[in-house]
C-alpha cells in the first residue's frame, strides 16, 4: 500500500465509493463497506506520507476535538491527541471528574454544551456490556439533532475510541500493519490468523479487541481462528458477523478450545487476555444494582477461573509451530510479559522482544487511522483537499 | 441584531464608543457603558457570522488563555476553551491541585508566573461572598503592575467567568439570546421579566446569576421583577444597581415574595434556585474560621428552609399565566428538572422539554460573548481587524 | 546581551560552534560547551526580541510537546507550555495517574507510544537521587532508537525540566538574568556569588538548584562560594565539576559552613533550602524498600536537624554585609518568606519585597530559555530560520 507519490493515493481513492462517510461517524468496522475501510487506510498512509515529507496537513485553522475517556489510557489518548493536532484541532478533555455530568445532566444536554465549536468527539467507553456503544450513539444522535435544530453551527462527528463491542481504531491500525507487512491486501487471501485468548494475572480485560479482530480480519479472505478456553466466549452477535464476513470474502472463521491448534501453521497470531462475555454481562448487572460485594465475589471467581489456564501463553515452543516458525505477532499493548511485567503472562519475554519493532510500528498507525477517519468525515472531496495541501507546500516544520 | 453582511456589524460598531475596553478587563456588566455592552453583542454576532461563513477569526498566532476554576464546570470551561481556540489562543489550566499556590504563594507572584505569555486570564471563583471578585481584581492589578514593571511583555486581560457578585458571560449570553428572540433591543421596552427563585434539592447555589440578571436586564427599559421567598434576598448593593438602572432606562425594578405575581403576564421568566445572601455570608465566615461543624449545621438549616418552599416551581400551570401562556423560559443550565434530575425541582419536565432548543441556543452564545470580550480588550480598532479578516478570506476549514 | 536588531543576535551566533545541539538533548549544563550555552542565551533573547516586536516565532504548524511531571509545578509547567506554544507545539501532559505506566509498562514502550508525533519531551523528575537523570536518559535513548528503527518519523528531543542532579532551565534563566543585570558575561569576572543554604520549615527540597548553580556559575570566572551547615553537602561529583570549572574559567570555587562568610562582599546571593545529599540517598533507598516507617523517621530527623539552623536566613543585617549592601538576590521561587509564607524562613519579607521585580524578571527568562533549547535542537541552521521569520513579518497578534 506504500506508494511513491501522493497522486498514487489520490488515484486509488478515485476508484472507491466512500461518499457516505462525509458528515458521518465511525462506530463499528462492520458497519462500513470495503471501499470505506480501504479509504481510511489510504488516507492514513497519505497523511503519513505527507508528514514524512514535511507537508502540513493542517486543515483546521481552529476547532476542538473533544475526548471523553471512561477508562485510563495512554496510547489511545495520545493517538487521538496526535490525530487532532495533525489536522489542526485542539483537544479538550471532558473529564467527568471536573464536569457536572455526574450531577444528573442528560447526555443530550452535555453533548450540545461541549460541541458549540467541536468538529470531532472521540469516546472510549468499554467497561460495561451494552453501554459503551449505546452511549456513543446517544451522543452522536444528540449533536446531529443539535445541528439540525440550529444549535450547533457544525456537526461534530464521532470516532469510537473503544466501546464494549469493537475497538475500530485499534483493529484498523492492526490491519494496516498487516497490509504493510504482507505487501498489500491482495496477499492476504488464504493466510491463517489466530486470535487467541492468553492468560493474564489481571481480570476483566475488554472484549472489544478480540471482537474487533474477528469482525474485521474475516473480511480479507483469511482463515481466522478464534481460540479460547471453554467459557471465554465473545459476543455471539460478533461471531455471527465474522461468519458472514468469511463466507462473503471467501475465507473461513472457525473456533477452537486449543491454542496449539490455532497457532499451528498460522501466518499471524494475536494472543491476548479477555474476560468471559457472560461474566462481563453479570458484572454490568451487578454495577447496575450497586452490588459491590457481588462484584468482589465475581472478580475472585474470574481470577480463579483464569488461574486454571496459565498454559495459554505465547511461548517460544508455540511460536515454533507457526508458519516457518515466524508468524507475525500482534498485540494492542501493553502486553503481560512473563518475567517482565508479571510472573506468568500472555507471552514469553524473548518472543515479545523479538517483535518489539513490529509491535511499535503496529501502534504507530493508530494516530493516522484516527486522523483519516476524521478527515473522511469532514471533507466531501478528500482527494481535492489532499491535492491542494500538496500544492500549498506549507511545511510542517518551518524551513 | 442578526445582520446580512459583516459590514453591517462594522457600521454599527462605528457609531459606538468603547475605546475604554482596549487593554481593559471585564468584571461586572454595570461597570460598562451601554455602548460597551452593545459592542460585545455586536462582535459576538460578527464572530459567529464569520465562523458560520467559514472565515477564520484566528487573530493570535501564539499565546495562552489561562483558566482558573475554583469550582467544577462543564459549560463555562468549554465556553472559555472554545472562545480562546476561536481566536488562536491555547488554553492552559491553572489547576490548584497540580500547582504550588496552595503552598503559601502570593497571588501577585502566581499571577506573574503564569502570565509571561498569557493574553487573557479567565477566572471562576463564586464560592464565597466578598472573595471571588476581590481575588480577580488582585490578579488583574498584579499583571497590570507586572506589565508596567517590564516583567510581562504583554498585559493579559481578565474575564470574569463567574464571581460572587456577577456572572457577566452568562448574563450577556442570556441577553443576546433575548435580543435575538425579540428581534432587537428596541423591542424590549416595557417587556416584563421575572427573575424568580425556585426550589432545588441542592443547597448553596451561587447568587451571581440572579444578581447578574437584575443588574443587566434592568438596563433595557424592561419591567424586571425579582421574586423569592422571605429570607432569600440577594446582595443589597446589586438591588441598588438594579433600581438605578431601571430609573435611567425608563423601566421598573420591583420585588415580591410571590412567584405567581412575578409570572403573571411575564414575557420572560428565569426561575432558578439560589442561596440566601445572609447564609452565604455566614458560610464564608465559618470557612474562614475552619468551623466545619458549623458549616454542616448551616447546610442542614438551609436544606430545611428550602424544603418549606417546594411550591416555588416553574409548573405548566404557572407558565399558563404568563403572556399568552408562552413566556420565554431562561436558565443557565443545568436545571433541576422535576421527575428527571430530581424528585421535585425548579421546573416541570414538560416545560423544560418544550424550551430545550431555545435553552441550548441561549447557551450557544456564551463562547462568542467571551471571545468578543477578549477581542475588544485586545484590539484598539476592532472594526479594522474584522474587515481585514474578511478580506483575508482564510477559511476556518480548509477548502 | 540585549541587542538592537535581530541581525545582531544572528551575527553573534555565526561566531559560535553549536552544531552538536542539532537533534540533541539538554540534560546537564556541564555537558555543554561555552559556545552552546551562549547560543541558548542568544536565541532566548532573540525569541524574546521578536515576540516583543510582534513577530511570530511559530516554526511548527503541528506537533506535540510532551510534558511529564513527577512532582507538582506551576512555574516550570507554565514555562514549558509557554515555550511550546511560542514555537507552535501543543502540550500534551503524560499524567501517570491517567496513564498505564503504573501498570508495569516499560519506559521504552511508553516513550515510543507517546512520541509518534512528539517533537520535544520535557521531564521533571527530581525526587530521588540516582533516578531522575537516569530515567531521562532511558527515555531519550528509547526515542533515539525508535527513530533509527523507523518507528518514529521524527526524533523528539528531551529537555531536562529538573532532575536529581541539575535544574538546567532554571539555572540558565538565572544566569541570563545575571548577564542582563551586569550588562554582559564580560563583566562577571571576579564577581562573588554566594550559593547558600537557608532554613525552611519544609523538608526534602531538591538539591538540583544548588548543584545546578555551582555547576554553571563557576564557568564565568566568578568567585563562587557554596555555604551550608555541616551535613548539608551536595553531590561530590558536582562539587568536582564546580572545582574544574573554576580552574578553567579563572574563577574560584570555595566552601564554607558560615553564611556570614559567604555573604561578605558578595555581588550575588542565592539563599535557598535543600536537603542533605546523604539523607536524600537514604530516602531513595527507603522508598526502594517500601520502608515508609523509615521515611517518617527520616523526615522527623531532618526536620529536627533543620530546626537547629534557623539562623541561616537572608536577613537585612546579612544583606548589609554584601557588596555596597545591595547584592543581587536570586531565588528560583517560591521562597519561604519569614512572616509571610511561614514563621521563620529563608528570607526576611522586607528583603524579598525589595527584590520582587528582579525576581520575577529572573523567572521570566525561563520560557525563552526552554524555547531556545528546543529551537537549537530542531534546526540545523537556526540563524537562517530566525532571519526568515523576520522577513516573513507574520505578526503574533493580528494587525
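For reference, chains read A, B and C in written order, and residue numbers begin at 1 within each chain.
Here is the rule we use: contacts are C-beta pairs under 8 Å (C-beta built on N, C-alpha and C of every residue); 3 or more make two chains touch, one makes a residue touch a chain.
Since the structure is predicted, the reported quantities are computational estimates derived from the model, not experimental observations.
Where touching is counted per the definition, the chains common to chain B and chain C are A.
Counting the residue numbers that touch the partner chain, chain A and chain C have less than half of them in common. Between chain A and chain C, the centres computed from C-alpha atoms are 41 Å apart. Of all residues in chain A, those touching 2 or more other chains are 58, 90, listed in ascending order. Considering their complex, residues 48, 51-52, 56-58, 69, 72-75, 77-79, 81-82, 85-88, 90-91, 333-334, 336, 340-342, 356-357, 360-361, 363-364, 367, 394-399 of chain C touch chain B.
The part of chain C that touches chain A in the complex is made up of residues 58-64, 90, 92, 94, 98-101, 103-106, 108-110, 112-114, 116-117, 119, 146, 149-153, 378, 385, 388-389.
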